[in-house]
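In the part that follows, the structures are each spelled out as structure tokens.
Next come two complexes, and both contain chain A; in the first it sits with chain B, in the second with chain C.
After this line comes the complex of A and B, so read on.
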């Protein structure tokens, strides 16, 4: 069954394969093109370096007019990531534009990793440590990086 | 004559503000009921300045919008669609727009930028750069499909998308997000605003078009300080005034409201105080007020205790606490011993402070309840107004059977009108007084209030009880005299309050 959302997701998939962005990857699940699994590699020279973080992206038929829901599956310690893995990022809410695609979503999240916005905290502890005690913050991040290697696929 | 007696009595009290002799304003009510728009409350206040307003229907709002557009366009001469966005940007304040437009020394580019539109003067060059050869197909960045250029469209910013994606996008913004005047171009980080022409061009579904037009009128009304939606449910009329003020306006649907705050007309109290009062009545905070006025906290475990006996030796019931203390001074019971009556000895500063706080809170609660009871009482009576109108209508029909003409029995309806007005005013006088410190002017106000309340209750009694028993000629005289008296007392009271506003008599409490 082909709907505008599904057709667009096929294009997104084709684009991410033909022109893969660095440090991120994503693909639809086997049986459902509306649900994707994605990976973000922690950017180099940041506390997240070497981490391989798993995410789940769920689209609705209103995509790309409405943003998909994006969640970290791997444990994450970041000022703008909620305990359930939900992400507080403007382009996934009010600043969404229908010209975004999966590649641009994933690269935006990747850059969010090292550029958190402590002013709209989703994780208070992380936001506080990020501003007040960077060393402890990095120690906690190192733990989730280590945890991300245990991939149970 | 009953009402005249009252009238002279009132005059004798030197503290009352001078009456304007409206009691003798004979038969004025007939005219009053006719000129509804000028005098929505029929208060007979012909001497006062009339607050000018008109009631507009949904279509008239659209006409008004066009009128303003044309008027401004005669001066600036730019495309309608662009001008509409500019006007919306300036909250439909055409003077402000013109001022700003010419302030930039004939270079209004900054205005266009601020309003997120492409300057119509730059238009041609932008079109050219994106023009490319119009024969090749182009890819829509939303659905990533290729279409012939004739199926692609866009705003003056040059971002083009296929018509299918456009209408989906607009539909989502209009129906789900309720946007109209501020929908941006779908392109990444492009803030150029979608104009109404392209929306109407791309949307064919009637429901969406209706909603869009409604949202446009709505934002026009909301941002125009001289327009107000009628607050009545399901009423789609708008009141237009010439200057903004705290004044009563009457919608075609019959609703009378304050133009400033959209609440029911609430003279004499100010919008600010009414808002505070309504919030206070809605809040559960009064429950906690009661708790703080009638209970004390155990000084050890802080559990709330209500005393149910006379003995001041209180033992906390909490199983884990069982603290023994003195209810009077809140100090521990032990040192009281035999001479506990002297517990002023243990008058530690904080124990004293705790008692003072409690005392104050209790007084505040009493005071609030005093005003609230009276306010609620009039509100309750007002709710019976429809019942009273029905009763009076029956009576009027009866009277017409008994050889009285239609015009002769209208006094009854007028009397109920006055009664309702008086009740409403009285209701708000308690809100007004609640926020005031005592001073001489407040004493005068309270005398006026008492006098008006007494007269109103008498009128109410005549209408509810006596009209069914007394002889018609007799009751007509009584009712007419009384409602004229009530009306005049109401004007005296309101004029006094208004004069106080002008002359700064009222000393507000910090509540």
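After this line comes the complex of A and C, so read on.
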């Protein structure tokens, strides 16, 4: 059945194929347009460089009036990412706008990787290391980058 | 009401004992539950009802309200309720204005022209064409249908269908936001929270379910060249208070404001 949410997701999918944003990709899962798998490549010249991080995006029929739920499937070490992969990002919460689409969501998450907000930590250890011990922070990030190459996790 | 308050208190205790993420999720779940409850009890846009039915909503000895309802009854014959989901001003405006336009061809062409110009304005503010055009096209096909002899029944159908109806609300919110940003120097004076106009638009105008204030009404009516009279009915003062947007206009649409909510009024 075609609903505004599903119609809009088809549009989002077409756009991400026709005009792919740099460093991110996403597609609906085989049987369900409401659930997408996505990949974010760690931005160059950042500790996340060379990482290929998997995410899962779940939409409701209220999309785009309400934001989807977005989670990292790959292990992530980042001040604004919770232990279960949930992401603390304003545009996915109180600053959501229906003018955002899948491309802009993924691009925003990609920017968040190198521009964390240690003031609203989702991972206290990451936030603290980011502020106080950048070398140790980067060492931990390097581990999740390496781990992200393993397709099993 | 008392029960509701005690629930709220329990909710607060429950929430304060939680780590951040669970807290966020619990708040979202609660907000969703409240919205679902409201959705189950009222249509997005209701039927036209006799204005005198408002009397039954307040107790007989609630004289400030009963007095004001008497005053309303002299001026208006009917009321049409909208769902109290935070979008009520935009939904009441959208439906109410287009309903009047079904019979008012003179104002219609001006409204259509102004509506048509909004997309270009949004593009001039660097909004993403890809998503905005989807809302714009849906909104314009609704506006254009008014010129093509659509019926009140069809208009109502479009507004009670949640998906479509919310698409119109999104676009009306974008129109208001755009106007606020274009005239930022003027509107900045009315924002007392210390937010910039852009920040205000991103957090209080564009997101769905955010309630509207004077500033939203001024921005939307001026962007569309629309004229609206709002009758304010609250506990303060002896009489109803009316505000016209813009001032000194001949209002095309009349709305009723009760604290936190807008419905549509029909003059006698």
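Operating definition for what follows: the second predicted complex is superposed on the first by the 152 of 153 C-alpha atoms of A that agree within 3 Å, B and C clash if a C-alpha of one lies under 4 Å from a C-alpha of the other, contacts with A are read in each partner's own complex, and residues count from 1 in each chain.
By definition in this document, a residue touches a chain if its C-beta (ideal position, glycine included) is under 8 Å from a C-beta of that chain, and two chains touch if they have at least 3 such contacts.
Only a predicted model underlies this, so the values are computations on that prediction, with no experimental measurement involved.
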{"item": "Chain A as common anchor, with chain B and chain C clashing or fitting", "value": "clash"}
{"item": "Chain B versus chain C as contact partner of A:93, first or second or both or neither", "value": "second"}
{"item": "Chain B versus chain C as contact partner of A:82, first or second or both or neither", "value": "second"}
{"item": "Which superposed partner A:66 touches (first chain B, second chain C, both, neither)", "value": "both"}
{"item": "Residue contacts on chain A - larger count, chain B or chain C", "value": "C"}
{"item": "Contacts of A:56 with chain B and chain C, given as first, second, both or neither", "value": "neither"}
{"item": "Listed stretches 21-29, 201-209, 291-299 or 345-353 of chain B, narrowed to the one that overlaps chain C", "value": "201-209"}
{"item": "Contact residues of chain A, present in both the chain B and the chain C interface", "value": "4, 8, 11, 15, 62, 64-66, 97-101, 104"}
{"item": "Residue numbers on chain C that touch chain A, as the complex places them", "value": "20-21, 24, 127-128, 130-132, 134-135, 163-164, 166-167, 170, 174, 202-203, 206-208"}
{"item": "Residue ranges of chain A in contact with chain C within the complex", "value": "3-5, 8, 11, 15, 61-62, 64-66, 82, 84, 86, 88, 93-101, 104, 121-122"}
{"item": "Residues of chain B touching chain A in the complex", "value": "141-145, 164-165, 168-169, 171-172, 176, 186-190"}
{"item": "Residue ranges of chain A in contact with chain B within the complex", "value": "4, 7-8, 11-12, 15, 62, 64-66, 97-101, 104"}
